[in-house]
Amino acid sequence: MPLVRIDMIAGRAAADVAAISQAVHQAMVECLNVPRRDRFQVITEHAPGRLVFNPAYLEVPRTEGIVLIQVFLSGGRDEAQKRAFYARAAQLLTEGAGMRPEDVTIALAENTRADWSFGNGRAQYLEMPKEQWR
Amino acid sequence: MPLVRIDMIAGRAAADVAAISQAVHQAMVECLNVPRRDRFQVITEHAPGRLVFNPAYLEVPRTEGIVLIQVFLSGGRDEAQKRAFYARAAQLLTEGAGMRPEDVTIALAENTRADWSFGNGRAQYLEMPKEQWR
Amino acid sequence: MPLVRIDMIAGRAAADVAAISQAVHQAMVECLNVPRRDRFQVITEHAPGRLVFNPAYLEVPRTEGIVLIQVFLSGGRDEAQKRAFYARAAQLLTEGAGMRPEDVTIALAENTRADWSFGNGRAQYLEMPKEQWR
């Protein structure tokens, strides 16, 4: 169910981009109760001047290796789950995708179960029993 | 009032992209009470590896013809309207834009009337009588 | 804390793009209580047919100079602040970035303090005292 937009400055190797994609998804599966097959991401690379960031906000030293990860997902995760997700994503992106933890920037945006259609013109999350919600 | 982001893998003919744009808008006019002139869309084509999707989540068989349609709009539509929109969008995209219904993926995100400015530095939806809200 | 997506049709001079980026940020600092260093923007230029807009919705005459500004930010700003932001952004973009006020289109989307991680896998806004929230 989440739709994830991942924005970065162009220049990474294809394997690194793929590793970033995988690490973000893995952290969502582990910490946000997202099914493994529920993977929908839009990855966009930008020219340097087009991804604007402050390299020191909140005393976190960021570099041009910054990645902005915006996750649109149904509401229902609590603060503890969100915190766990941030921590795990930073860990996986550092260990597996060559990132600096300071460059992992995440923003969530919540909607509801009625706000999703996964094909065939249907609202699948309204059709399944609540017990299957994830 | 809606702002629509449409993401797809590059390679479609210009006429097909235009037909997708039109079909999405037409379904919003018919089912979500959107004025015909209220059309604002950002269409982005991506290299294959940059639009990541699972080809089987929820047993819907997707292909690289997948289109992600994200609609930002004011709250107020009920579940029946949203369901009608999903169904009509899939129908119009299939009939008029050469898409497979399985490849029509939609996510909504709601905000409020105060969250929009349509030019000239004004909050037009706060200035009009409620009867004109759509 | 805000994440700002700025979409426009390609063709502007680099200096004009930078001026647009700066004007939007300045208006947020002045009117939305955003810290000056809290600047995160994704600027994307599109081919003409890929940014679709109605040139007359709500009787505002728009041109291909249109800029779509989408601001994701924590909730808490009231209507007066939002109105002030729209007005100031249009003013600064007109005076400093060569835009027509009719072409300044803005959409806000709110989330919560728990929805942000600014690096190092932490939820910084949950760790700071409320008095420091902005």
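A, B and C label the chains in the order they appear, each numbered from 1.
Keep this in mind: contacts are C-beta pairs under 8 Å (C-beta built on N, C-alpha and C of every residue); 3 or more make two chains touch, one makes a residue touch a chain.
Computed from a prediction, not measured in an experiment: that's the story for all the values here.
Looking only at which chains touch which, which shape fits best: line, ring, star, complete or other?
Per interface graph, the chains form a complete graph.
Can we say the copies chain A and chain B touch using the same residue numbers, with more than half in common, or are the two sides different?
Mostly different residues.
Quick check: how many Å separate the C-alpha centres of chain A and chain B?
21
Multi-chain contacts only, two chains or more: what residues does chain A have there?
Counting only residues that touch two or more other chains, chain A contributes 44, 109.
Quick one: in the complex, what on chain C touches chain B?
So the residues of chain C in touch with chain B come to 7, 44, 46, 49-54, 56-58, 60, 62, 68, 70, 79, 82-83, 86-91, 101-110.
Using the touch definition from the top, list the residues of chain A that touch chain B in their complex.
3, 14, 17-18, 21, 35, 37-45, 72, 109, 111, 114-124, 126
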